[in-house]
Structures are given as structure tokens and as C-alpha cells.
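These notes open a run of structures that come right after.
Shared between the two complexes below is subunit A, which has subunit B as its partner in the first and subunit C in the second.
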Partner chain A sequence: MSLPEKNFDVIVIGGGHNGLVAAAYLAKAGRRVLLLEASDRLGGALATEDITPDYRISTGAQMIDMLPRRIEKDLKLAGHGLRYAARYVPTIALNPTNGHLVLSRRRRDIEVLRKKSARDADAYLAFSKRMKSYAALIAPFLDKAPFAPGQSAARSALRRLVWRGALLDAASREALLRDLPGSIGHMLDDAFETPILKGALAFDTLVGTAAGPYDAGTVLRGIYRKAQRLAGAGAWVPQGGLGAFVDALAAAAAGLGVTIEVSAPVARILVQGEAVVGVETAAGETFHAPQVLSSIHPRATLLDLLGANRLDAGLVARLSRIPTRGATAKLNLALSGLPTIQGLAPAEYGARLIVAPSLDDIQEAHAQAKRGTFASNPVMEVTFPSVADPTLAPVGHHVMSIAIQYVPYEAEGGWDDKRDRLIDRAVETLSIYAPDLKQRIVAGELLLPADLERKFGLAGGDWHQGELRPDRLLSFRPTPELAQYGTPVAGLFLCGAGSHPGGGVTGMAGRLAAEAALARRARA
Partner chain B sequence: MSDDTDLHHPVDLAALADSARADPALFESRSVEPVFARRVLATPLHMNVAAESRTNLWTDWNGYTVAEVLSDIEDEYRVLRHAAALADISPLFKYRISGREAAAFLARFAAGDISALRVDGTLPVVFCEDRGFVVGDGLLFRLGDDEYRLVTEEPHLAWLLDSAIGFAVQVEDVSSTLAAISLQGPLSARILSAANFAGVETLAPHAARWFDVAAQPVYVSRTALSGDAGYELWVDPEDASHIWSLLLAHGAPFGLAATGFALREIARVEAGRARAGRDYFGAFSAVEPESASTPFELGLAGLVDLDRGHFTGRNALRAAKSAPLRHTFSMLAIDWPEPLSFIGIHAGADMAGVATSTAFSWSLGKNLALAMLKPEFLDKPRKLHIEAEMRHGFEVRRVIVPARLVSGPAPMGPKP
Partner chain C sequence: MQRHDVIVIGGGLNGLTAAACLARAGADVLLLERNAGFGVAAGYDVAPGFRMPRYSLGTSTLPARLVADLELTRHGLRLLRVDGGVSLLAGGAYQASYRDGIVHRRELARVSPKDADAWTRYRRDMLAAAARLRPLLSRRMSDPSKRSIANIRRLLGAADAFASIGATELHELTRLWTLSAADFLSDYFVSEEVKSHLAAAVLSGATFGPFAPGSARLLLQPFMEETGAASAGAPAAVLALGGPEAVAAAFVAAIVAHGGTVRTEAEVTDIILRRDEARGVSLANGEEIYARAILSDLDLKRTFLTLFPWKELPSGLVKRVGRFRLRGVTAKINIALDAAPLFPDVPEGCPALLGVTRLAGSLDEMDRALDDWRDRMPPRAPLIEALVPSLVDRSLAPEGKHVMSVCVHGVPEILHDGPWTGARRDELAELAVKRIAERSPGFRDRILALDTLVPPDIEAEVGLTSGDFAQGEETLDQMFFNRPFASLSGHETPIRNFYLCSASGHPGSLAPGGAGADAAKLVAEALGKRGIYVPA
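After this line comes the complex of A and B, so read on.
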């Protein structure tokens, strides 16, 4: 690569969706922006790729359920080709014996639950309402930069939060105080008796983390996720997979004037005095800009690209301790036809299917992963993207996406001899529901956390560039001194999932970091 | 130290006796640390030191049993000022820092500029954490191009290791594999010469080098944590006993004597040197930020260089430099002809600060105190005083004595 132009207003490192969103907003504000992506394609963990020729699937992320509509509108993504193959994708808890459960508050679905347990049917409505009211308390904090502790805005925000909390009725207030620090497992055990309901709700809270169902703080994680979803408009699946979403985003960014270069890994962030002045690529090319936004892991940005010698030791130590270990593997299958899932209505094959029959199964899988192995009955999230989007596979054929939760980054004794066993275990477990699955498999690809790391440049295979633990949210994400997107080096900002509000297809870290950079520039 | 003429003792002792009452606290024995946190370790020189003890008075220094006083503190003081005092200082913490990026690591670790430190040189350093609060201070030795040794009063391995993240550097705690002997006093050099440390008189102040003594390698530095003229010897634990005996034997004709920790403390107070853990809290031991100190608050501004490359705490210290000090480390002289015990420093009815170390200086005939004072009592000098309680039988008397700020630490002994 050799660009004629070497000088820009802003350089964005990493062309994941957050990097693209940041670049687009900066360009929209009139900045001349260069975006450098290490891999030969944009999108990071959002990609549509071949499993085998003619069978295409979103190899990483599956669905968009937390992207604020405002970003879509601001960047005119529809105008740049974004179409949805499915909207409001429902979630169904698969039952190994009989009667799957659609997780929704629709009368019809509640009546199905009522047949299993009248108590749970009532409790489900109450539970949904409770989680939603908790989420509403947090939601206002998600669409702005976190406050710096001690800032007067932080105090007034806290006051507002307390004030909103005070608006809850006494019972809810008491419940909030009890629930907030606790584990989702205990909360569900208290609320429900139906195992698959508890299993599915817990799975929904925990997917993409390494936390177990009975770990403290997982209720907050559930509330946080719910609050993020309030910003989205339900689970949507782009036509052509998540790669098509990236294409629209890239087209929007390019349309706004962003210069995009792929296969251009940044090797060094260049600093003069105490301010950033540009970057140097692995190929040795240098580009200059007074502002640099990095969408890669905060640790990689600051320790690998910038260097520990430019930072205080305490910050470096805190960065090096950000837990970054994904525990989710992805199994993508090409199928010669749709397998038959007993008891599933034809219209329901497009749903998001959760295979987590009970809290015990989740707990067991988590325990196994801690021991460096995996459960004999893994817990999973399954979709057939080709049901809503037939362009992904030959006519009559299908693709299947399976997220396997609690797969350790490092296996006891290494992964080499265990990959096939994990595939077997996943397929065997799924065969309980779809006995003909095995004979329909044409090809498949297993992506372990370490594969996701290699393939998508996702550190540790962690969806979030640093776990979404309660102590690592909001003003503590990724560390207290970095929570407002800026860094101790003037002009250098963080804009990826490692920053507030965390991972998932939200674009928010990119948008808020762009705002922070623009505000800084305006003042300078 | 300037001589002061307007000092007088305003208190009539006899009159005070009427108001005196017994303070039960005087009869309590206090333990500083909880029992579970204590260690009982012996230095490699323990037997040698024990052989010199006429008092059986021992104390705890970093978990090691060391002599408090070996003979009589006044005698030991006289030895230090007129001959030479030998002491076991093995309980100091020593860290070996080596590797390709050792210099870069230390440049980021210490607040001062270490680039001028040459091989076989030494340099006092202070090191801070991110908020600019002092974690500790110590003496940095450069043993080779890529090898340094940091000697500190308190343990810092965890902070050193945290600071090493991202640097090609190795940090080892060598405290227990290195014995240390201090030899302080005007006759130190002559004693070393007599003990066959050939050419020791050419060793410049703050410099160090290897000597071969009786076929044993000894690293000798012309340094003293107490700030006085003297030497420190760094030896293998198995050689320490022999070197100690050698010095005692060759030093005896010069009046050399072994001395204890109490003397080290007096010399330190006379030199105005703060001891971590005693006069100030390291940033990680301070429970409240208010109890931690910036280098400026400890009078260590001279060990800070804000204009070179980045170091930990620099950004915070830039801000702190123009911010008002919250407390300042100062030295006070209290003219009273015998040792006093006191803690509070008063200004009229106000508390101006607290004495963190006190000592009686026989050279000056005064009490000295190292104190943490509120800065407003420095800006507009107000008359400071201390209140001491003196025990007479079962009575205590309270004396109120003026305390005078000493502008800078002045070496008590002959200049190095």
C-alpha cells in the first residue's frame, strides 16, 4: 500500500464496526479521516464468509439487537444497502422432552407456559417487568460517555439515579437492592420452577461471557444487557449476514470521505513530546494526524502500539489485568436440508433457539470450562440464518450457526485432540432435538476462542475486549482513568468494545469516542 | 544550623509539678503490628552482633532482630562522631534490576533523572505511583551497564514487578542473599585501609567499587543512608561474619565499636532524612490519600525532574507542583538539655503538626524532631512549641518548650 496522502485530521486504528462508526461520525463532522485495518477485510468479528463454497454464514456475530436506530439513521445505512432479512427474531427455549417455550409476553406464549406452571406464567410477566424497570434505570447512562468520578456531573447523575430509583414502589426498591449484587441463578431459582425457562433466561444473560450462572454480579450483567437492548429495536438479522452490515457501514464511511485501507496493520502509535502525531504501519509507512482513535483492545493499543514507558506503572498494571478470555466457541455448519426439530412449528425455524435445559446444565458447563474442558452436554444458541435469508445456501440447503457457551480458551492438555470431540458433543446434544441433524451435515467449521482471536483480531476470543463485569462497567471501563475515551497521551483515544458501553454490535463506543475527540478538538 | 539566641525555657519546673498527674499511657507497652504480621528473622551477622551486646537490648527492623543499643547510647554516639561506628544493616531491602531495558525501566520508575548514573555510582531516588504520591525512596546503585541495585527501607517487590510490565527487565529481591555492613565516622577510611581495602581513600563520595579482601569480594560504597561520612559494605552472607570480624579487629586501635539501631536513628534525624514507614507512609500503606505525600511534601523536590521523559506520576506531579502543599516535612530543633519525648507540635492553641521522629543530639545539645507540619505554619512563621511529659517517680511533669524550624538538614559530622 502506498497512499499519496500522508497527513490527516484523524487516524482510526481497526476497521471493526466501532472503528467504522467512529470514522464515519468524524468524517461527517468534516474531519479528514484515515482508517487502517490489519486484516484483508473490514468488520472484525462481523463477517459473512463461506463455510464451504456456496454456503455462507455470519462466522462471528449473528444478530443485531443493541444498535441504536439513531446510528443507522445518522449514517444512512439503508441508503448504503442495508436490508434486513428478519426483524424481531423471537427466542425459543428448546425442551428435550416436550413443549418448547417462546420467551415472550404475548398472551399465546404465556398460555403455553401456564400449562407447564401457572406460577411461572404469572412470575414471568412480573419478572420481565422487574428487569425492564431496572434496565430503565441504567439505560440513560449507556448513550453518553461515562462520568469521571468526582465530576459534578457524576454527582448529579448519581442523584438522578437515586431519584429514579426512589420512584420505584417500595417492593421494587427492596427487590432491586436484593437482586443487584446477586447471581442470576439465585434470582431465577427464587422466581421460577420450570427448568428450561430458568435455563434459557440464564443463558441469555451469560452468553458471550466467562461468568457462571451463580457468580455474583450476573444480575447486573442481565440488567445491563437488557438496557442495551432497549436502545435497539429487537433482534434483527441483515440480509447477507453481518458482513453485509459492515459493507453498508463501510460504504457510508467512504461516502462521507473516509480513506479506508485494509491489510494495513498499525505497528506503532507515534508520539512527539506528549502528544500523538500519527501511526506507523507494520510495513513501515507513517501517517500523520493530531488525533488517533484506536478500536482495538485497550491493552493492545496502549501497551503494544504506544508502549508502557509512556504511561504510569499503575495504569499499565491495571491494563494488563483486564480479564480478556472468551469462553464461547462458534460452530458453523453447512446442511443439505433443514433438520427436523421435534415439536417446532415450521415458522419457528427462523427463531433464536436456546439449548440450555436447566440451570444445572449451565452450571455444569461452566464448571467444566473452569477445569479446562467442556461439558458432555454443552449449552448453546442455535440459528438457521438461511431460513430468513435463502441467499446464504443453495436452494433447499441451509446453514446453521451454533454458539457453544463455556468453551475454555486453553484446554487441559491442549486442544488438538479435543476439537472433534467438542463438535461431536455439540452435534450429539443437538441430535436429542433434531435426530436427523448428523446426516444433513455437508461441512462445518469450529472456531474456538483462540481461533476467534486469530481470525477476527479479537483478543483472547473475548466478545467484549475485556469482560463485562460489574466492576468493569461505566466509569470503570476499561480503567477509571480511561473511561472518557481519552488517554494520558493528548490526541489518543480508545473507541472499541473495550470502552463503554462494551461489546456487541452497538457502535456506541465508536460514536461516543468520536464525540469525545471532536469536543477535544473544538476546544483546542 | 543557625544559632538561636532568643530561645529560653519559659517554664518553671517546680511550678509545673503542681499540675502534673500520672499518665497511665506511659506505663503501657505498645505493639505496632498485629502479631500475625510479625516475622522473626536473624541477619547473617546476628551471632557477631550478639557477641558485642552488653545490654541484651534488641529491636525489630523489617522483621529482623537487630541490636537496639549494644553498650551505651551516649558512648555509641561518641564513637560515631569521633572514631567509627560499625553496624549491621542487612535488614534493608535490596533489589537487583537487570536486563536490556533496565535503564529505561528505571527512568520510568524513578521520579528523578537517572541518566547520569554511571557504573559504580550511586544515586538517591524517590518513586511515585500514578497519583504522584511517594511509594518509597532509596539508593540506586549501578553495578553494570544493564544491572542496577535498589536499596530501600520498605519492601517494594510488588510495585517493582508491576512497573516492570512491558519492559525487558528482570527484578529480583536479593535482600536475603546480600548482607550489608555500615561503617560510619571520621576514621572509617583509615580503618578500611588498615583492613587491607587497598586504595579505599581514592573512592569518591557516592561512588562504589569492588575490593578483594582476604580473597573475598566486597562491594564498598562511600555512602550512608544517614547522610554522614562513611561507607557501606555489601557482601555475601557467608562472607559477612569474616568481614565484620576483620573490621572489628583492625578498627579497635582506632576506637571502632559496634553500634545498634538506636544510633542509626539518631544519625538519621540529625541528617534530616525521612524514613519510609516512620516519617511518611508509602502511597500503598496510606489508607487515606491525605496520609500519602508527594515528593514536594517530603522536601524531596530535588529528586524529581518533570522535564525529562515520562515517569510514573509525572502528570500528577505537574499538577501538584503548582497546588498548595497539604503538609510539609520539616526539621525542628528544641533547646532542652536532655532527651524529651513528645509528639504534637503546637502553635499557640493550634496543632501545627506531628513529630514523626525525635532524637537527642549530643553534638548540639538539643532535641531534634522530624515533623510533618501543616504548611500554614511555615509560610507565616508562628512560634511553635512542643509539650513534653517528663516522668519523675510516679509523677509526670509537663514542659512547654519552644521549637525552632531548621532551614535545611545540616550534616552533624565532618563533611565527607
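After this line comes the complex of A and C, so read on.
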């Protein structure tokens, strides 16, 4: 690689969507930005790839679930080719016996639920309302940098929270204080009696985490994700898969003047005195800039690229214990046709389908994963992306995306002989709903957490660069001293999912980090 | 017509504490206990001449402050402090806890010199976290769901206090209160043995395993009564001479000495209500006794669902009460032994064997046991605690012979495939004996008598709903102002003159006797009794 220009205002490390968003916002503010991506393509875990020739699928993340519309507008992504194949994708809980459930508050869907349980139909409306009101309390904290505890900002933020809480009615307040620290399993057991409804709602809260349904902190996680959704606009699927979204993002960044280099892994962050001065690539090239933003894992950024010797021991310890435990595997299938799911209306094949018939099934799968194995009845999220986006497969053919929850990073006795068994278990379980699935499979690939790590650079196969749990949220993400995006080295910032607000395809960490860097620069 | 200032229903630790505090405050107190013994403190002869606690393990959890404030020593209580116990771990390994810091660090260094160094840091952090918690335990919870100026002011004060804690300390506290014990211990220790030992010492009675988020906070419990010396070792185990029944006897002596009355075998069946006000109680024998205030030491469900006609209760209360989770998790096995058990894995004469010996296996085993429990399976490899109180208290068994008090954890209240039967109780006892005998050769042959009590037995005999010793599962959604639920967390109930003083209320088992002392203070104020200082 050779570039005439070696001096920039800002260098962004890592071309995942947060890195791209950060770079684009910085360029939009007039900065000369260089983005360096280690692999040969941009997007990280957002990619559209071939399963087998002619069958394309989003190999990693499946939907844009929580992207704030503001980022889309600010960066004019539509102008750079972003089209949606489907918006507001509904969620359907698949029932192995009879009657699937559409999880929505539409009257028609509620009436279906009412036939199963009148109590649950009423409870569902109350539950959705409750979760939404909780999420509304948290949502204001998601579109700004977290405050630093022990400062007046923390004091006023908490005081505001008390006042906002005071506006709730007594029953909601009592419920909030009880629900917040609890487990989603207990909360759902209290509210509902229909197993499949409880299973689907719990799955939605737990997807992407290693936590079990009865683990403390899972309600908070559910509320947090709900708050992220409030900021975004539900599940949207880009035409051409998530790779097309990345293309639009990259085009937007390039259009704003960002210089993008792929296959340019950074080896070192260069520091002079107490301030960052640039980076050195693995190829030995040096680029200079007074600001560097890193969207890769905070640990890799600070311990590998910067070096532990520049950090105090407490921070090094806190960085090394950021949990990275991916627990989700991805199974991508190419199909010769749509399998027949009994009881599913043709229009519903484009939905997000949840296979988690009960809380017990989820608990069992979770317990199995703790023991280094996987459930005999895995719990899964299934979509057929080609239903809304026929460009992904030959005419009449389809692709199927399956996220298998509770698949441990390390298997007891190694994964080698278990890969096929996991595929079998997933396909067998899905065949309960779609008996003709097996005969339609043309090709497929299974991506275990370790494969996701290798393929997309996700440490530990964790989609979120550190699980969303109470000691890793808001002012604690990724560690208390790094929560405002800055680091102990002047000019060096973190801008990946490991920073607030974390996880999901939100781009918010990138946007907020860019704002922090711009503010610092303006002051300097 | 009999009339008293105060009636306390139930003679568990909190009932006894409440009665003793109120008697000292100058109130005319009547304590009514259904059984002949006092709650889980009751003792019995497992075989003639072999005296032991029937329901509890036998270690004392009494806070030192309560002992001092109620002058229990003057009323005959003798407490013995012994080393903190031994865990028998997978593969013949063991770890012991010693009060002496030098000895304790040497014990840790035996498996990991690094962990010996980490102990000082761990102990310091736990003491600091305990110091943060302590003030919350003596503070009466106010219903945070109530919208009043005073309440908002209090919450704003709490927000300020919260915001003033430094970022790093707040982060560490968040970790302690939300992480799993396994994750939290890994911040300090590397050895699996050390981690398993520390976890085993706190997991008794827990409804979640060491890998479950939220289990780390249990690690704090042994440090709640610890203070001072940085060079010290592990927290001690405390035993009462004569066992838990001697503790109850000291309370009774204190109550009687201050003019109170204690009646056993007096079962309260109903609260006498006049509109929304409690006026007295009726006993099973038809007797009616009246009082200005009534305190219940029964758990939440037993209090409201058995003492009141449901339709007389305010709307919404029955539903809230019904939602409160009580979960039995512990079975008790009482054994008379021909000779002291031997544990050849542990050096002979190890003083920590005077404390609790735990068959702990590994973290994974302990976690698995709780997964089984959740599935309502009989435990396969449960955490077993064994205490031989006769090693330090010779009065409990004939010369040369011993009693062994055994708690098996991870025992479900109801099995997935049917009720507990005699045969299934025997299977459970057999499992415990087998597990102990694996580490204690000849154990089986030393057994003279054996008695097994599973959670339903404990419910039937002591009246603890579901056999839950904690009187309510202790997860954050059922602790502090959520215990038992917001509007009842301050001990007052919607029934005038009727108070809840059991561990179903705050602070639960975080501070044994704390709910009784605090409810007593509230009642003493209401009655205008200030005779003698009332501890809280």
C-alpha cells in the first residue's frame, strides 16, 4: 500500500459500522480522516456473502435493529444506495402444536392470544406498556455520553431520574423497583401462563447473551434493549443484506472525504509524551494524526496496540476482565425452495420467527451451555431474508438465517466432532415446524462463536464487545475511566461497541465518540 | 378478658428479638409460640442422650450487637468462636479457614502463593463493602412507591449519596451486587480450590449457584460481623453452648426478666379484626387475647393467608402476597454417632474441623446442583454441610459419642415426579451418608440413629412456607425496599396495629434479628414506650 498523504486530522482504527459512522461524522465536521481496516473488507460482523454460489446471505448480523434514524439522515445513507427490503419486521413465536403467536399489540393478534388465554391477552398489553415506560426512563441516557459518577453531572442525572420516577403512578413505581433488579423468568412467570409467549418474550431479552432466563439482571438487559429500540425504529432489513448497508455507509464516508484503506492492520498506536501522534501498520507504514479513534475491542486497543505499560495497573486489571463470552452461533442455509411451516400464513414467512417454546427450554439450553455442550432442543431465531429480498437467491430458491442461542465458545472435549451434531439438532428441531426442511437444504455453513471471532474479529465471539450487564452499562462501559470515550492518552478515543451504548447495529458508539473527539479538539 | 400491650406471634429469632426489645422498653409483652420449641432453634434427642438442633445446622448467626444490647450473656448465653470450617473438594483436596491471618495465608499458599497474597486485598475490599451495607441494614425502609414530599426528598438524598461514591468504588460495588460468585472470585483468586471453598462457605440456603449473576453478594455475609485488623484471617464460625435452643432460652430469660410472658404450645389461628384494625388474637383452643399492637414473626404468606380471612384484606394485598417467592432448598439430616467422624484428607487435629465441614466438590458441581433444584430433581451432587457440635460441647452426647448436624442444599420442596415419600427421604439420606463416607472412612458404621427432614417436613413442623429458612427468596427483587414488597418494607401493614417482624421483611437474613428489632422500635414509638434503650 502506498499513499501520498501520511498526515491526517484523525485516524480511525477498524472499519466496522461504528468505525465507519465515527469516520463519517468526523469528516462531516471538516476533519481529514483516514480509516484503516485490518481485513480485506469493511463492515466487521455486517456482511453479505455467498453460502454457496448464487445464494447470498447476511452471514453475521441479520437486521438493522436499533439504528437511530438520525444517523441515517445525517449521513444521507439513502442517497448512497441504502434501500430497505422490509421495514418493521414482525416477530412470531412458533408453536410446535398449534397456533403461532404474532407478538404485537394489534387487535387482531391480541385476539389470537385471547383464544389461548384471556388473562395473557390483557397481561400482554399491560406488560408491553410497562416495559415501554421503563425503557422511556433509560432512553434519554442512550443518545449522549455517559456521565462520570462522583461528578455533578451524575448527581443531576440521578436527581432527574428521581423526578421522572415521581411522575409514574404508585403501582408502576412499585413494579419498576421490583422488576428492575430481577430476572425476566420470574417477571414473565408472574405475568403470563402461556408457555410459548413466555418463551418468546424471554428469548427476545436474552438473545446474544450467555445469561439464563432466571438470572438477575436480565430484566435490566431487556429494558436496555427496548430503550435502544425506542431510539431506533424496529427491525429493518436492507436490500442486499447487511453488506449493502455497509456499502452505503462506506460510500457516505468516502463521499464526505474519508480515506479508507482495507488490508491495513494497525500494529501500534504511536505516542509522544502523553499524547497520541499516529499509528504504525503491520506493514511498517506510519500515519500521523493528533487524534486516533479505535472501534476494535477496548482491550485489544489499549493492551495490544497501545501497550499496558502506558496504563495504570488498576485499568489494566479492569480491561482484562471485560467479559467476552459469545453464546450465539449462526447457521446459514441455502434452500431449493421455501419449506412449509405448518400454520404459518404465506405473508408471515418474512417475519422474525422465534423457536423457544417455553422458559424451561431456554433454561435447559442455558444450563447445557454452562456445561460446555448444547441443548438437544436448541432455542433459535429464524428468518428467510430472501422472502423480502429475492435478489439473494435464484428464482424460487431461498436462504435461511438461523441464530442458535446458548452455544458455548468452548465445548467440553472440543468442537470438532460436535459441529455436525449441532447442525443436526438445529435442523431436527426446526423440522418439527417445517417437516420438509431437510430435503430443501442445498448448502449451509455453521459459524460457531469461535468462527465468528476468526471471521469478523469479534473477541470471544461476543457480538457486543463485552456483554450488556449491569457492571458494563452506561458509566461503567467499558470501564469507569474509559466511559467518556477518552483514554489516559490524550487524543486516543474508543468508538466501538465496547463503549456506551454498546451492542446492536446502532452506530451510536461511533457517533458519540466522534462528538467527544470533536469537542476535545475544539477546546484544544 | 386477657389484655396485653403487645402480642408477638411466633418465637423465631425475630419474634424473640422483637419481644425482648419491647419488654425492655417497658411494654407488657406476650409471645405466643405454636410449638414446644422456638422455631428453627428447637432442639431434640435424635436418640436418647443425643441432643441436637432439629432444624438448623447449629452455628449461630446472632449479630454481636444484639447479644450486647439485649444482655443475652447475662441471661445465660455462652458463645464459642471456632475456626471457620473446612471444604472437602474434588479429587481429595481440601481448604480450611483460619481466624489467624498468618495461618490462613499459609493455608492459601499451600495451593497458590498468589492467592495467599490476594487474601489481604479480598478481605480489605469485603470489609469496605460490608461497611457500605451496614448502615442500610439498621435503616427502616420507606415505601419508595409512595409519592410524598418526604419520600422524594429521601430519594434525592439517596441519589446524591450514590453520585458521591467514586466511579471506581461504585463499579466495584456494582460488581459485588450483580456478578456471579465465580466471576467475582476470579478477580482475586486463581486456584479453583480457593474459589470453591469461599463459594461453598456462603452458598448454603441459596437458590442460585456460583455461576448465577447475583451470587457474588453472598460472599459479603461472613464479613458483616468482622471488623478491624487487616492482618486477620477468615471470619470465625460461632457456636452457642447448648446449641440454638440455648440461644432461644437466653432470649426467653431476657423477656421474662423484663416482665414479659412467653407461652409455648399456643397456636394463633386468627387475628381479631374490628374494621381495619387488629385488636387481638384467637388461639387454637378458643382463647381470645387482646393487645394494642400485634407483631407477626411468621413468613409473609403464612401471616396473611392463614391468620386473616382473605376477603377482609385490602384489595391487591392477597395478590402481592401470593407473588412473593418462598423457596425451600435445604433438607436436614440429624445423626447420632458412635464416635467422632474422621476426615483423613485433612491433617489430624485441624482446628477448622470444629467449624462446619462442607462436602463441596467443585464450583461446577455446586452450580449443577442448583440447576437440578430448579428442575425439581432430587439432588445428585449437592453441597452438604456437616457440623459436629459435640466436639466442642460435650454435654450434647454421651461420653465418646457424638451428634452430627447435616444440611443438604439443593433439595426441592416438590419433586417433578411426585411428592416426597419415606423411600425418597431414605434415598436422600443414603446419598448424604454415601457422600460423607467417601471422605470419612468407617462413617457408615458409626451411625447409631438418623433422622431426615425435607422441606415439606420443615413447613409442616415449624410453619415455614415451602420450608424456606430465609422466609422469602433473597434476590434483589425481594430485598431492601422490595422485601417483601414496597408498601410493606417498613414493617407496617395495611391493618392498623398489625406489624410484620419476620425475615420476610427487610433486612431478612442480611441481619438476623434485624427485622424484629426494627419492628419493635416502631411499635415502642407507637405505644409511647421508652423504658429502656431499644436497639435497632
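Methods note: the second predicted complex is superposed on the first by the 524 of 524 C-alpha atoms of A that agree within 3 Å, B and C clash if a C-alpha of one lies under 4 Å from a C-alpha of the other, contacts with A are read in each partner's own complex, and residues count from 1 in each chain.
One rule holds for everything that comes next: contacts are C-beta pairs under 8 Å (C-beta built on N, C-alpha and C of every residue); 3 or more make two chains touch, one makes a residue touch a chain.
Treat the numbers as computed from the prediction; the structure is a model and nothing was measured.
Q: Return first, second, both or neither, reflecting whether A:183 touches subunit B, subunit C, both chains, or no partner chain.
A: second
Q: Could you look at A:314 and tell me whether it touches subunit B, subunit C, both or neither (first, second, both, neither)?
A: A:314 sits against subunit B and subunit C alike.
Q: If we overlay the two complexes on their shared chain A, which of subunit B and subunit C does A:118 touch? Say first, second, both or neither.
A: neither
Q: Just checking: does A:78 make contact with subunit B only, subunit C only, both, or neither of them? Give me first, second, both or neither.
A: A:78: touches no partner chain.
Q: What is the contact status of A:488 with respect to subunit B (first) and subunit C (second): first, second, both, or neither?
A: After superposing on A, A:488 lies in contact with subunit B but is clear of subunit C.
Q: Which holds for A:323: it touches subunit B only (first), subunit C only (second), both, or neither?
A: Second partner only.
Q: With both structures placed on chain A, which of the two partners, subunit B or subunit C, ends up touching more residues of subunit A?
A: Touching more residues of subunit A than the other partner does is C.
Q: With both complexes superposed on chain A, which partner does A:283 reach: first (subunit B), second (subunit C), both or neither?
A: A:283 sits against neither subunit B nor subunit C.
Q: Which of the two partners, first being subunit B and second being subunit C, lies in contact with A:303: first, second, both, or neither?
A: Touch partner of A:303: subunit B, not subunit C.
Q: List the residues of subunit A that touch subunit B in one complex and subunit C in the other.
A: 314, 317, 481.
Q: Which part of subunit C faces subunit A closely enough to touch in the complex?
A: Against subunit A, the touching part of subunit C is residues 144-147, 152, 155-156, 159-160, 162-168, 170-171, 174-175, 178-179, 183, 186-187, 208, 211-214, 323, 325, 364, 367-368, 371, 374-375, 475-477, 481-482, 485-487.
Q: What does subunit B use to touch subunit A in their complex?
A: Touching subunit A: residues 104, 107-109, 129-130, 159, 162-163, 165-167, 309-310, 312-315 of subunit B.
Q: Enumerate the contact residues on subunit A facing subunit C in the complex.
A: 148-151, 154-155, 157-159, 161-163, 165-166, 170-171, 173-174, 177-183, 186, 190, 211-212, 214-217, 314, 317-318, 321, 323, 363-364, 367, 370-371, 469-471, 475-476, 479-481, 483
Q: Quick one: in the complex, what on subunit A touches subunit B?
A: 274, 303, 307-317, 320, 481, 488
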